[in-house]
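In structure tokens below, several structures.
Here come two complexes built around chain A, the first alongside chain B, the second alongside chain C.
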Partner chain A sequence: MNNATKRGFWLRLYQTYGLTGPVSLVLGVAFLLVPLLPGEFPTIVAAEILILGLFAMSFNLIYGYMGQITFGHAAFFGVGAYSTALLMRALQSPVGQVGYLDFFLSLLIAMPVSALCALVVGYFCVRLTGIYFALLSLAFGELLYYLVFSWYSFTKGDDGIQGIMPPGIFSEVVNYYYLVLIVVAGCTVLLWRITNSPFGYTLRMIRDNQRRAVFLGINVRLVMLANFVLAGAFAGVAGALWGPFQRSVSPFLLGWVQSGMAVFMSLIGGAGFLTGPLVGSAIYTFLNAYITQFTVYWPLTIGLIILFLVLYLPGGVLSLLDKRLSPLKHHDYLPEDAAPEAARSGESS
Partner chain B sequence: MPFDASALLIQLFSGLSRAMMLFLLSAGLSLIFGVMNILNFAHATLWLLAGYVTYSFYSFLTGIAGPFGLLLVPAIVAATAVMFGVGWMLERFIIRRMYQRELPEQVLLTFALILIISDVIKLGWGVENRRIFLPIEPMEIMGSYVSPYLFVIIISGMVVAGGLWWFLQRTRYGRIVRAAVFSREMVSALGINIPNIYAGVFGMGVAIAAFCAGLFLGIMPIGLGVDMDMIIQCFAVVVIGGFGSILGTFVASIIVGVVYAFSILVWPDGSLAIIFLILVGVLIWRPWGLFGTEMRF
Partner chain C sequence: MSGAKDDLTKKLHGISRRDFLVTSVAAGTIALLPRWVRAGSAEPYRIGVCLPTTGPGANYSARPIKGLPLIAAQINKRGGLLGKHPIELYFRDTQTKPDVGAREARSLILNEKVQCIIGTWSSAVAMAIQEIIHEHKVLHLAATSNSSKIVNENYTPYSFMFGPNSRMQSGATVVAVAEMIKKRGWNKFVTLGQDYEWGRDSQRVFVSELAKAAPEAKLIKALWCRLGETDFSSYITAIMAMKPDFMFGAIAGKDNETFLQQAKAMGLLKKVAYPGVFLPVTELIQQAKTLPRGIIGINRCPFFANMQYPMMQEYMKIYQAKFGKDDFPDDFACMYFDALNGLDQAAAKAGSVNNEAMRKALTGATIDTCRGKLKFRECNNQLDCPSYVGEVANSKEWPIPVFDPKTLIVVPGDKVWMPSCDEVQKVQKKRS
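The block that comes next holds the complex of A and B.
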């Protein structure tokens, strides 16, 4: 009886919210409990997972929902990190302390600054699609990277900015972790609302058939630009959290390798799902943190794992889960391409 | 900073030699993308691997025959041949599975290759930088000194550019490669083994990069991380020139190389920023590049 209600609960959650429902619930509970694990290390890893996960989710707004890929998304992550770091630097006392109010003000500034940056970059990028969109965003990202890299008087160049200490209670790892958790959870809810709003469905229409969207009288470029700015803003929030977490920022946060990280977190987790990038971030960061303890050749190990995932698990980890669960969905109708697949996995289970 | 004629001339030579390096590296990238539609982020990492292979051949040869700069030539030839094989195998066993996939998955795969190849380098050669010191006397031009090796690079680059053009335009295989860009099915229906052609083109792209790595080794040190800088400049070159256009890649390399060399005189720290400013400008004005084919978006 008890078991049945439990199963009914998960099933209802899945049927109402799709995979996002159960996955966020499981992740949410797990992240709440992480600080109970012995030592600070798991908490640090979990904070990293959350911050990079938010960054990857913001990237997925462009990739998974709008169908364009960007290789320059880290620029907004980096701009967010730098605006917070620079403001904290300016506001802190001579001994390196910063007040609570100033700290939250510094965190808040990242969102509008990154959004503004994304507005300028996006204005040009959304005129293109496909590989040209990808390359123009890459070019802008690298331009910003080299600007931060070479503007020594303002950004300290490749030395980066050190000693960004969060104030008072937040200098404790656990407390900062819960701050990160609250912000990322809030952003995830916001992202869920956005992607399931009429705006979110317009994005999907543009992804699936841009021409049809134009015929319906939708200002495609404007919608794409708005989405680009939103994605930039959320990446900025992630960046703002990163600086005080690492106590430093460096230009490499803006580089294309960092952008590549968002791409493969989304793909590993499942770009078709809101929480996919978060799952991808968890897998990647966890591997990264723990493989280093066993071998110095972690890039080789991670590279081989990615190679395996790309070749044998396209669609990401969550799509595998979704395929198993999809017969349980009560569909009024099934999309034509989904029907045979659902029937097949229904037979096998 | 003296802005006299000889300094400018030397800057021009260094810019041109840099341009030829960029061309040799970008040509393979552009060719592979043009023929197979694969954006190979790992291209510069293969280039780096080739550099280490050349270094090993060179040390082996000088170990036998004593220090002698010209031994770099057989070392480069051997490394180029080896890297052709590596490229062939890579296409045959991994890249081949990615043709039907979308761009992000290709990127992810080549990213995995970057991680794997850099660790192979770390395993085989360690983490120290490598460089070959060639016993070459600098020669005097209008009161300034410049290494004649720069001219070797410039001439080699031009010879390869010409050879590549000749191969693509004038030979039977070149025609097949160009035809495969337009219609894979048609070429295949004519009884030509498309998979072999693709493996060959991939191997050739990597081999040209290997040749570039050997030349590079004689003038600058290589080490882990250099490939990341190079690949991004290669993208700049390939995009400015237009994907798949060898002529475009050549012209864009000269633009980027020379602009870089002269911007070092004006704003040393921002030279790379200037290159990406040019790239952004070109992409906004002509997204398909200077010599690419115009297409609708």
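The block that comes next holds the complex of A and C.
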């Protein structure tokens, strides 16, 4: 019996899938059990964590994997939310009820609409990098925000759209929560596949050395555009889940403050890890939901947390865990058959 | 000697050993009593207060946040609602974001078990909250946000509006301006509106309604500025060149403040009347030194126009006793005063603090407010409250500028709301 067997299941999981494996498993089990907690509110907060976590993970495709920062990512989240809300409104009965088929159709429409929107915005953004990429994405984000804010006849302008009620069983918090959990789990698996595919490694290469990628014959702009569209599509899915969860949508969902939230979540959890933004979302949303019960100084609280992280934990919470575990990864007690797999997974680093 | 020792102990520790023992035994006994024995005497009535303490709405929320505990304490002196349900307030910051407002409303209902939510600033936040309160059948008292959609398009029987809604406020401006046109012989005007739906809609309603009320006044130019404009000089010089008798502005929030400052500096306000600027008491206090005198403003619940009512006198007394003679309850603080007192009166009428009973008691009720006796309209729960239009002037009575009583026009709510309940019900949302 070697040391790895002694250390058991968790170490093997870590060695095979990197930190994504154990973190996903722990979070998965925890999220499954949340509805057992007393009261409805923890389930509501958990649903919020999952939806915003998916939004932050989609942002991290651009930031953590492609190495570009965007301050306009919420535009795709908002477009997804509005697509679902508008279609649900169109399909609602006079008393505001919607059928199951119409509901799922409304959810599904968000992904292609957001992806299309991201294709248009991305076409221009990927021509630039660094601060110019960030500024152009912000400009497009604000443009979409003002479009939604001002277009009263279609989007109801700054009032937003209310009465987005999910049908029948999904109007119950627990049932809607499990729907969110299934969708977010599915998206996380897809994101894991994407980031661990040759496409994902190409993204890392572009992030680390764009010039070398060009020399190797990679069409950098095309890869960046494809990633931008993917990120927009996943943000759209998160947005689609948000409207029926909150029963309303408003233009704030497309604003730069919402985009900033994804940045915060990625930084808190760790942008170098697939599940980092989800962990960041758990911390951020939990604190936001519960700290506001005791103090109205929420911006001060989150400001102090960010300050601490930037100064003492620049890689995010998960980096601390990874630092402690990483010596185990390539140590001599690593089983021989697991070595190539572990080397292949290795998160985003 | 022993008495002296007891006194010393009391001074040192704040409480004597005997008092401590008696209090502990009493508290323990009460705690051990079954819940049904205590329920009749001390079940509190919990109210969630959703207001922004950060962001653009924080300015108009400061005085309601200061004032609400005073009003609750006043009611609690009588034992609370029905003399036995003391009011407990739970404050939450909505950050002026609809989704945060909705989350906080849920948290208040599910965690704090509130039976009523008061607030909020921003109509978008109020309407997001309406979805949650309707689902949980909790009362909602809207006292700052005043979009007419809250009581019309997004109506729920659980929401009650304590101020004039946006439609009533625009209507009041038309009534007041029409009166001024007749008195002052005005015959030409220009409009300046923000170039987006709200600005265009407000301008359209004003122009069309004024054409009916005072057809002699002619619109000579409609100007449009972009949202977030910081330099109004070109608009100001254009207006001055046209020499209108008055101008109508559909400019909201910070942009309006910027416009006012620049218009004052360039002398526009001395040459052209500008009626209908939203000037709550908050602004009259904060801009006491800089606000141009003679400007014609509109507000919703000014204390200085309602001092003849005992409830306003009472509120002013407790407010100034706490915050000093230099501070005054603004429009919003006064409307929240009416909201809490309205709730108190509804409980008395219903004989219960049950949500459904309170809702039925408030629907169509006439309540005593700091603006006199006012009635709720049955078809949409809109309080029949007036809007106040007048010229800003210095006052001998108050240390801040107020609306000159000689020019003050009080436009009753029922004169400017949607004429018939059939019309209201046509636009109201059908809810399952």
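Please note the rule applied: the second predicted complex is superposed on the first by the 323 of 349 C-alpha atoms of A that agree within 3 Å, B and C clash if a C-alpha of one lies under 4 Å from a C-alpha of the other, contacts with A are read in each partner's own complex, and residues count from 1 in each chain.
In the analysis below, contacts are C-beta pairs under 8 Å (C-beta built on N, C-alpha and C of every residue); 3 or more make two chains touch, one makes a residue touch a chain.
Nothing here was measured: the structure is a model prediction, and the numbers come from that model.
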| item | value |
| --- | --- |
| Chain C versus chain B on the shared chain A, clash or fit after superposition | clash |
| Touching partner for A:39 - first (chain B), second (chain C), both, neither | second |
| Touching partner for A:150 - first (chain B), second (chain C), both, neither | both |
| Partner chain in contact with A:196 - chain B first, chain C second, else both or neither | neither |
| Chain B versus chain C as contact partner of A:159, first or second or both or neither | second |
| Touched partner set for A:69, first chain B, second chain C, both or neither | first |
| Touched partner set for A:124, first chain B, second chain C, both or neither | first |
| Touched partner set for A:138, first chain B, second chain C, both or neither | first |
| Which superposed partner A:304 touches (first chain B, second chain C, both, neither) | first |
| Touched partner set for A:175, first chain B, second chain C, both or neither | neither |
| Doubly contacted residues of chain A, that is, touched by chain B and again by chain C | 146, 149-150, 152, 157, 257, 299 |
| Chain B residues within the chain A interface of the complex | 39, 41, 94, 97-98, 101, 103-105, 107-109, 111-116, 118-120, 122-123, 228, 232, 235-236, 239, 243, 269-270, 272-273, 276-277, 279-280, 283-284, 287-288, 297 |
| Contact set on chain C toward chain A in their complex | 53-54, 91-93, 95, 97-100, 102-104, 106-107, 110-111, 123-124, 127-128, 130-132, 135, 147, 149, 154, 196-198, 201, 227, 429-432 |
| Residue numbers on chain A that touch chain B, as the complex places them | 63, 69, 71, 124, 127-132, 134-136, 138-140, 142-143, 146-147, 149-150, 152, 157, 255-257, 260, 263-264, 266-267, 271, 297, 299-300, 302-304, 306-307, 310-311, 314 |
| Touching residues (chain side chain A, partner chain C) in the complex | 39-41, 44, 48, 94-97, 146, 149-153, 157-160, 162-163, 165, 242, 246-248, 250, 252-253, 257, 288-289, 292-293, 296, 298-299 |
